[in-house]
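Sharing a structure below in structure tokens format, with a few things to ask.
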Amino acid sequence: MFSVTVRDHMMIAHSLSGEVFGPAQRLHGATFVVDATFRRAELDADGIVVDIGAATEALRAVLADLGYRNLDDEEAFAGTNTTTETLARFVADRLADRARIGALGEGARELDGLVVTLRESHVAWASYERRL
Amino acid sequence: MFSVTVRDHMMIAHSLSGEVFGPAQRLHGATFVVDATFRRAELDADGIVVDIGAATEALRAVLADLGYRNLDDEEAFAGTNTTTETLARFVADRLADRARIGALGEGARELDGLVVTLRESHVAWASYERRL
Amino acid sequence: MFSVTVRDHMMIAHSLSGEVFGPAQRLHGATFVVDATFRRAELDADGIVVDIGAATEALRAVLADLGYRNLDDEEAFAGTNTTTETLARFVADRLADRARIGALGEGARELDGLVVTLRESHVAWASYERRL
Amino acid sequence: MFSVTVRDHMMIAHSLSGEVFGPAQRLHGATFVVDATFRRAELDADGIVVDIGAATEALRAVLADLGYRNLDDEEAFAGTNTTTETLARFVADRLADRARIGALGEGARELDGLVVTLRESHVAWASYERRL
Amino acid sequence: MFSVTVRDHMMIAHSLSGEVFGPAQRLHGATFVVDATFRRAELDADGIVVDIGAATEALRAVLADLGYRNLDDEEAFAGTNTTTETLARFVADRLADRARIGALGEGARELDGLVVTLRESHVAWASYERRL
Amino acid sequence: MFSVTVRDHMMIAHSLSGEVFGPAQRLHGATFVVDATFRRAELDADGIVVDIGAATEALRAVLADLGYRNLDDEEAFAGTNTTTETLARFVADRLADRARIGALGEGARELDGLVVTLRESHVAWASYERRL
């Protein structure tokens, strides 16, 4: 099994609902350093899982829709806690949509799976893994 | 599949038995930077795998029982080589105990698995993965 | 010249005023991984610049006053752009105050200087350096 | 499941064939920071997956055959695009050969699998995972 | 004193002349992860050293002239060993040129100095520091 | 001003004397990831500060005298607290000795200064800087 990972980041504001979140119930923010990993059993004719340039561009486009925003005001997350876990799934699902429509190249339709990791600090991060 | 990881560290002395260890048979020590990863198929009602605060607290408590000690003198490790691999399993098992008694929150009883990684330097680390 | 550095982090929301900031003029947020470096020409009688435990505690206390907040609503920053540079100076000045009142130990009164670095992502950070 | 990882690096020149590679079709180069992960269900009698010293030595030997070379001139890669993915597989296969002939110690014959990750920059990396 | 640092990278081929370089006399290559640090005694009216976006753009432009090339064929380096140190100076001097012509913003004309660090691996890097 | 840095590590046991050290008064240990930075105003005829290979070898030799030892039993540290700061100075002074006798190459006699940083964990490190 092969994989390729690209990294980018986004900076957002949000608050979290639920006593378990303590002070994070207040409006605050985060830089999420985001790693998107693309998995595939065999390489394509060029010898790659996915073009690193195309993968970087796809990740940048997905994060551009989230970054420099207060997620509490975004319709896409109405009624949802924008936890690190939830955002990892959101980014993975948007990347899966892009792979499906060919934005990651024709070969990317052969991808087996995707993992997205959001690092919220040097001591905490969350991941979501899904099939394609 | 979702996961959440928290990081902490411990500083210990120990020696290792067996010719394979070369100079590490002498009493020496290590800083282990410890990553504890909690895995779960679905998020709980708050949208999390486990509360990052509770996970951090549980890891700190487990490491506090080991840190600033000479592991050669600890009963828990009598007759055991305290290799990085063995210590990764020890930490994972103690975290599993805590999850089982509810110290990671009620939701944490739904955790599927656990990975503990101990980084002994910038060029070597070991992991242990188990079900919960 | 000796130095000791300790690391912690804070998660805040804010917006920045001025065309130069582009999309960062909107309410967004950041995780700042904060490194506080304490400098001293000679070590004290214990052989240290400053106790790492005390330095860690001082940094945690300073960051606790900022973290999990919308800095746009904090009086301390009224009329100030809370850029990474400005926040680095703010944290350094608060640590200097603590050193002066002995919160970093008696020896810390002999500190020569202080550097505070705030990392806002894996690709950008800012520092402020001052005398004590 | 246990694993042990060791890290080293190599510095090579190469070019890549195929329009998808854009400017990387020109002769250029890369530092690959290489992580080799060895997996095993149970520890050996010494309490290890594989001796970290032996693993480090094996990785160094494999990389020494590639480093400080123009891979476009190497027979081993004639007709192959030396993408990060392809090189990850090459390194993994050479390590598997060494495990098979006992260069990683007798116990290493019990290894279950191997993952090799090549980091080409702070924002992109690739992995290959195989059984042993 | 304040500073702001931005990070990018380039991937190049080259060879080094001189017995001291051993195997690096052969054509090989490197990824250089490049940190550009801008220093200034006082912040500008916006509360910044330099706009992080403009600094990132300037660094990207300078590295674009070097990346994906065999530096042995570049006229700019004829008769020069393209060591990590030499390249750090080259990048710093090009950034200084850009600051001078206003490409980093009007305020950047007040910059006091510049440090460029090129990381060639996880275990070696070089820096060049100059006034502006 | 130019600099070159090389990284290695050592694993030691020790205890620290003085109430300020709390639990670190017990026998424990540390991995120190060690960065040695060599500074020089002008490059030598080869275009370098110091040969990275020679610098790496010198650092390895200095650390080999300390690693895999209980520093409480080493004569070199009798009556001295082996704090991170003290060890940084010790390593720097040993590297200075080596530079003086030509072990870093003839050109290294032109070095202006040296900084040694010991990272004891992901959240704490210490440095010592001296002239040569």
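So that you can tell them apart, the chains are marked A, B, C, D, E and F in the order they are listed, and the count of residues begins at 1 in each.
Operating definition for what follows: a residue touches a chain if its C-beta (ideal position, glycine included) is under 8 Å from a C-beta of that chain, and two chains touch if they have at least 3 such contacts.
Keep in mind that what you see is a predicted model, and the values were worked out from it rather than measured.
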item	value
Between subunit B and subunit C, the fewest steps along chains that touch one another	2
Pair with more cross-chain C-beta pairs in contact, given B-F and A-D	B-F
Chain whose mean Cα position lies farthest from subunit E	B
Copies subunit A and subunit B - rotation angle from C-alpha fit, nearest 5 degrees	120
CA centroid of subunit D to CA centroid of subunit E, Å	30
Whole-Å gap between the CA centroids of subunit A and subunit F	40
Intercentroid distance (Cα basis), subunit E paired with subunit A, Å	30
Residue numbers of subunit F (touch at least two other chains)	7, 122-123
List of subunit A residues in touch with subunit C within their complex	7, 9, 11-14, 23-24, 26-33, 67-70, 120-123
Subunit F to subunit E touching residues, read off their complex	1-8, 43, 46-49, 51-54, 56, 105
Complex interface listing, subunit C residues touching subunit E	16-18, 20-22, 80-86, 88-89, 122-130
